[in-house]
Structure formats: structure tokens, C-alpha cells
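Taking it in order: structure first as C-alpha cells, then the write-up.
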Amino acid sequence: MNRILEVNDLKVSFHTYAGEVKAVRGTSFYLDEGETLALVGESGCGKTVTAKAIMRMLGKSRSEIKAGSQVFFNGEDVLSMPKKRLNALRGKDISMIFQDPMTSLNPTMTIGDQIAESLEIHKKLKKKAAMEEVIQLLEMVNIPNARERVRSYPHQLSGGMRQRVMIAIALACGPKILIADEPTTALDVTIQAQIIDLLKELKSELKTAIILVTHDLGVVADFADRIQVMYGGQIVESGNKHEIFANCQHPYTWALMSSIPGDEIKSKGELYSLKGTPPDLMLDIPGCPFASRCQYCMEICKEAPPAKTALSGTHSVSCWLRHELAPKVENPLKARGGKNE
Amino acid sequence: MNRNEDLFEIKHLKKYFPVKGKTLKAVDDVSFVIRKGETLGLVGESGCGKTTCGRTILGLYKATEGEVLFEGKNVHSMDRNQLRSFKKSAQIIFQDPYACLDPRMTIGNIIREGMDVHFRGTEKEKQEKVARLLEQVGLSMEHSSRFAHELSGGQRQRIGIARALAVDPDFIVCDEPISALDVSIQAQIVNLLIKLQKDMGLTYLFISHDLSMVKHISDRVGVMYLGSMIELAGNIELYKNPLHPYTKALISSIPTPDPEKQEAKSRIKLEGEVPSPIDPPKGCKFVKRCKCAMKVCSDIRPEWKEVEPEHFVACHLYR
Amino acid sequence: MSNSNTISAEKFRVVGSEDADSERIARPQMTYWQDAWRRLKQNKVAMLSIFILIIIGVLTIVGPYINGFSYESMNAKLLNQKPDGIHWFGTDELGRDVFSRVWQAGRVSIIIGLAGAFTSSFFGCIYGGVAAYFGGRVDNIMMRIIEILMSVPYLMVVILISLILDSKGLVTLLIAMCLTGWCGIARLVRGQMLQISSQEYVTAAKALGVSPWNIIRKHLIPNTVGVIIVAITFDIPGYIFAEAFLSYVGLGIQSPNTSWGALASAAQQNLMFYPYQLFFPALMIALTMLSFTLLGDGLRDALDPKLRQ
């Protein structure tokens, strides 16, 4: 498998009036050609910041990618790329789609022009040739009447269609990596299903690798190959789809899985819920970021960060429960007789 | 569950908005009851009218036609005093925790606002009540001198709940209360709502587009499409035995957080987009996207019928 | 680092999460005004403007007394002197000390600026609030009235008023300027209140049964105050300039009272020979106006809740 993205020890901080917010605290992961990696976590965990940092889209004035961070695309060092190469990278090698299609499209340009923009810049196509490709792209994303729709403005389209236009823009130049930042959160359930099916189709046709940033475990189950769970700016567990859903090992992952009402839970029964709120990222957290909310928290958890334990070639978890001196705790999802059997 | 008295009886409710010469039929002839002590879930996608329905029931919008009977009296023809006592009994919590609290008021004052309208207690009594309410929703007096922008989304939503509880209501419209929150916070809020219902005997109208959460918290669930209610049944019955084609498509679109189940599921693909509620089609509103559409569907609106005990549907497939 | 020899087994006792800490708020408490002040402080330009305005303000109060010359006393022997060690801004054609005159004039100009802005804002707020509260036809009519008023050139109004009241001077000027000046802020307040009325917390208040008057008092007004403050700050330079202009063309402050505009007007004839007489009042007008405008800009950013990070 061709490794097209490698991220090592990524650390990102934001400088605000109240202090330094350490949004990402040393994440490392990789992405192979054609696979879908999901970054899962709740707001404030750092998943969107990680995704934007890969393309260096964070805005230099307020953010800082700390020294020691490494991002390699196909062997090339992204963090020290010259501006010209970086501009060529964005849109052509790596592209991104965002959560809210309403605000991500320029309301004063027709959708045809917006898609063509990418083609004109990266593939150096002239207007007419670009338009032909645009129509093909619109058909590829299942927009009916593509030839007429090319001249529509974003406000004339529904939310689902706008999201498809965004996907068309992102895929126009055949990027190796597509970063999808909560692509279906703002959409209705039936439209969400359409978009996910579309992304699956495109993934198998174009062999694009996808980084899916989301908090929706349902979408992840449908679509991702590998999953990384983030909390407090760090990756707490990573593994492939079956390993995570069938045998997750981190207390936070257990909490996420249990928060979703399943078929087995008694109607109006109590959902497992984490008390409290995510940690304040301005503070230095000496131990595990999840310690203050974890029901299995031990003394050591508050004092030192847990090491990364490999459970298999692909499955790893960062938790002190893995230590040989720690008590054996059973996966509560299994004990419930729930979905993790 | 035994047949309690009906708290609300909604009869042929319509709410239309005039929009540039045309009519936006947000709620188009909806009839159902809300029973005391139950949670009635209301689901549907954007533009289906569920939020408008909830607000019209509370009298925040004036009905264009039809009646909303609360304990027998029509909400839209109540006089000032009756309306006042109605507002004490029927409250609402909102979707957006970042917009539903006045940024200039302290948390304590936000919670007290309703009390100042409906109660004549002393200052001390009101303070004590605020403290009790904060505790009930899992916060403390420390939060009462804070401002909304200092709290997290989950905490703000809990303040919204405390505010609604401050007037001792019997009925609360929960208008998408968890959509803007993270998954683990959603579970917190839902648990809180269920607990409050048990402790205080509340009745809920739970409006949401999150079908799995609605199924979990509701006793009965109604499905709306483009202003009309197209199906209503007990929660387990609806998900096990959906009758209306739209309900079937909706349920099959829910992504299951279980890869094996997801792969085994065959999804009903719904083509096309949700049409606009401005000047909807003449017959059944779902006709353009329905795989089972017949000739009669384009001409005549299907009747709202109880085809099985406690299972209502509006579809020509079930005559 | 995690060598099982160095970590004692004690550390692996499960203690669970601490409930008490989990809801605690880490950041210090900050009211809206404290937060706005903090943000304003970061804006160097705005702070500089405040500094300049304070200096100008102090000088208008004590300036006429500093160098020992009264603003009125004429000295026939020292006509049209250039600025020097004794007369810091020089003297005018009647031998009066320009420095003292500038600061004396400043009192009038600034008072007009402040009084004009606050008076018109007061009426504008009430008008806009009433229009927003009633809405519908009342709102329509009230807004049309404003539009008509705004299309009347205020110069004409000033002339009319001075003819009617048969006087010129400070009060007439104020009346005339305020008569049309309140329209802008009325529109602004109405717009802001309409926008706030559509916010969910106002819907919540209505659902609670809060009376309309209390909704206005507790929700609409406090959330409009920021906008009003910024509008007033922008209005003040407008009034200062309007007064300067009117006095310049002779419709404003008359002798022996003086304002910056009147000073500029008088100095105009001597521009070729004694430019300093025009320079100083003009400089003060420009500096004051610029400072208020920049301060207004800074205030707008500081008071806008959406820009809070």
C-alpha cells in the first residue's frame, strides 16, 4: 500500500488574549492510498484543527504549528513547502469539503464558474474546455440537468445539491486526498444518506483517499476503513473499523458508543453519559486528558500521560488500563450484551 | 400505558405564511392528541413544519385555521388571564443553546424571569428556588452569577431547561433540544429530561430530526412531511412496522453505528430533494418521490386514518 | 518512563472521576463591559484617540488660563504676531492671543458636539424604539416620516429656524441641527431592536409571559446600548463639523462668542499672510473629529459580541 500521508507528532496552538490554547498535542497517524480514515471526537477535541493543519489552512497570525511537527505528503514535507508549491498542492493534490455548504460557496458566482476556477488554476484549462469538464463533474455527482445547472447560483440549489457542488469542486482536479470536515452534519437524514452513497461511489471510482472528520459514529460505521478517536487534542485510540466497533478499549470510546441509544436499551432507560465537560485546552494536562471524566481513573492517570499500547498491527490505545499493574476492566459494552458482542 | 386524559387536542391545525404573493403552508391540516404524562415525538426533515407546529401549539404563532384545545379550551381564543395561566403550564426549550439566552443577563436572572411574572413570593423564596432548579439540572449556585457566554453548550441547554421549569409547567415543547450538542452531552440532556419527567410528571412534545434519540425518549412518534402528518404510532411499532413509504425510507436512512448491521441493511434510496412548502402539490405531498405512487396519489390527498389500533397513517396504499 | 519498577502498584487504584470539578468554570468571570474594555485596550489606535481626546478636553478647560492672556483682551501693539515664546499660537488681527482663543472656542465646539449628539440620540432612540415595538403600519408611517425629513437639506432648516426664532447663536444652532440629526440614529435603533426581537431569547421571554414593556426594558434596550454608544461616538464629530461649517458661512456662532468654525472663518481673510491663524483651529477640528471617529471604530469592534474570541 502506498503511504501518501504521514503525520508525526503534530502540535498546534492558538494564541488568544487569555493565553495559549494547545488545540492539538502531538498526534501521529498515516494514510494509505485509497483508504478512508475517520477522525472521530466531539467539539474541541482537535480533529478539525488537525485536518486544516495538514493543508496549512489555519491562518498564520493566530495559530502556530509547533516545531517538531511533521507532515509528509508522498514524501514531501508540507510544513516547509514554499508558497508556490503549497498553492499547487491545495486543490490539486489535497482538497477539502466543509460542513456548511451554505457559507462555503460564493453566492455571487455561478456554480459552473466556481468549479471551473479550480480547473483553470491547476489544469490550466481554457474557459470552454473547463466548462465541458464541469458538466461532466456535475453529472458525476448526480446533479440532474447538468448542462443547465451550470449557470445556477448557490442560493437556487438545495442543501444537498450544494454539498454535491462542493464535492465536485474538491474532486475537479483528481486529488489524492479529500478531507471532508463534517460533510453531512448540516443535512437531513435522507440527503445525508445520498451524500454518503455518492462519496462511496466516488471513492471506489477515483481511488481517492479520504480523511473524514466527524462526530457521527453512524456515518463512520457506514463509510470509514480506519478510525481514530480524539480527545483533548490527542489520539486516544485507533484501529480499523471492525476492531473499534467490536472491541474498543479506551474508556472514552466506550462512553461514545454507549451514549448512542441502541436497540438493546430499554426505552427511556438511562443512556450512559459522561459527566462534566471537555478539558480546558489552555491548561497543561500532566496526565491523561480524559482523567477527570473517566470512571476508571487511577492515581497514575492524573500524573503521567499513558503510553501507546499496540493491541494488534492496526489497533492501538493510549490508556493506563493497559499497564500490567492495572486492574482488568471488562468492556462495558460487552457486559451489557450490547452491540459489541 | 393506560389512557390518560388528553392534555392537548389538536384539530385540523393550519398555519400559513404569506410569502411574496404565494402561501407557505408550514402546517397544513394536522390533527392529533397529546396525552398527559407521555412524550410525543415529532420527526421530519427540514421544511416539514414540526417546529412551526410546536410553536403554534404554544400560541407563539396564531393559527390560520383549526383549533388547539388545552384542557378543553382553544388556546388561540383565550383571553389575557387564561393565556397567562396557559403560559405557566406550557413551556418551551430551544435548539440553539447559543441564541436562547440573553447575553446581557446573569444566569440567575434568566431563570428568575418567569418566576417574576407568575409568582408573588419573597426575594428569599425566589433565590432558594433558583438554587433548587440549578441543582436539579446538575449545576450549582456558583453558576447563577455567570453569563451565558461563559458556559458550554450543554450547560446552557440545562439553563434553558431550568428556565422552563421555573414556572412549574405541566407541558414542555422540546424544540430540537439536542441537535446542536455533542454526542456525550446529548446523552446527558436526554437523561435529564427523562428524569425530570419521572419526578415531576411532565408531558413532552419532543421535536427532532434525530430518529434514534426520538425513538429512545418517546412513547409515541409522529412523522411529518411538508406540513402534513403522514404517520403516527407507538415508538416501537413505528420502527418495527412503518407503513408510509416516506417513513420506511427515513428509517432505513438512519446510519447505524454498527458496521455489520450497516452492511446487512438494504437502504431505500430516496431520489430527489425535499420540495418547498410554498404551494405544495395538490394530491399527496410525497407523490414525486414515492416509489409506490399510483394515479390517485396525484389527485386526492390521502385521508388520515387509524388503520391499526393506535397506528395512524395518511396514504392511499391503506384504504 | 513507564517502567513497572518505578511506578508503585498503589498508583493503579481506581478513584473514578471527580464530580465537583467537572462543572467548574475555569476562566475568571467577566461582564460584558469588562470584556469590551479589555478588547478596547488592545486596540492601540483607539487608546491613542482616547488619550488625545482627554488632552484636548483638559486643555479646553484650563487652556484659556495657562499662558496668562485672556481670550478677549486685545493688544493693539501686537497685531497678527507669528507664534513665539509669549504667544504660543500667535495673535489675531485684533491682537488677541490665539492660543487662549482656540481653547475657549474649543469649549463651544465640543459642547455643541456632545450636546447635539446626545440630544438627537435621545429622541432618535425613543422614536426608533416605538417604531420597532409597534411594527406594522405604525412602523411604516414613522419610517416614511423619517425619510421625508432626511431629504430636507439641513442648511435650509437652519436658515428657517434662525429666521423664525429671530436669533443666531448656540441654542438656535443646536435646535436646528438636532431637528434633522435624530433620523439616522432612529433608523439604527429600530433596525437593531427588530433584529433582537427575532432572537430566540425574546421568544423565550414571550413564552414565559413576560409583558411587552418588560421585554423592551430587560432585553431590547440592554442589547441595543452598544449600538447606541457607537452611533453617538460617530455623531459627535458630525456635529462639530456641522457647527464649524455653519459658523464658517456665518450662520452659526456670532461674536463675541467664538468657536473653532468662527475662528476659521475670521482667519480666512488673512490666510495668505498669517496662515497660522487658520491652521490651529482647523487642526483642532480635524484632530478632534478624527479621534472620535477612530474611537467609534474601536468601540464598535469592542462592543460587538460576535467578535468575541
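We call the chains A, B and C, going by the order they appear; numbering starts again at 1 in every chain.
One rule holds for everything that comes next: contacts are C-beta pairs under 8 Å (C-beta built on N, C-alpha and C of every residue); 3 or more make two chains touch, one makes a residue touch a chain.
Keep in mind that this is a model prediction, so the values were computed, not measured.
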Fill in the blank from the handout: Dominant interface by pair count is A-B
Completion exercise
Greatest centre-to-centre gap (Cα means) from chain A is with chain C
Exercise for the section: Report the inter-chain centroid distance for chain A and chain C in whole angstrom, where each centroid is the mean of the CA atoms. Expected result: 48
Handout entry: Separation of mean Cα positions, chain B and chain A [Å, integer]
Key = 31
Practice task
Give me the residues of chain A that touch two or more other chains.
Solution key: 275, 277
Fill in the blank from the handout: Residues of chain B that touch at least two other chains are 155
Practice task
Note the residues in chain C that touch 2 or more other chains, in rising order.
Solution key: 23, 27
Fill in the blank from the handout: Contacts from chain C onto chain A in the complex sit at residues 1-2, 4, 7, 9-19, 21-23, 26-27, 38-39, 42, 309
Completion exercise
As the complex stands, chain B meets chain A at residues 39, 45-46, 152-155, 182-188, 190-191, 194, 209, 211-213, 215-217, 235-236, 249-250, 253-259, 261-262, 267, 269-270, 273-274
Exercise for the section: Name, in rising order, each residue of chain A that touches chain C in their complex. Expected result: 16-18, 275-277, 280, 282-283, 291-300, 303-304, 306-307, 320, 323-327
Completion exercise
The answer for chain B against chain C in the complex is residues 58, 60, 83-84, 87-88, 91-92, 94, 96, 99-105, 113-114, 117-118, 138-140, 142-143, 145-147, 149-151, 155, 160, 163, 167
Exercise for the section: Spell out the residues on chain A that touch chain B in their complex, using ranges where they run on. Expected result: 42-43, 158-161, 188-194, 196-197, 215-222, 241-242, 245, 255-262, 265, 267-268, 270-275, 277, 339
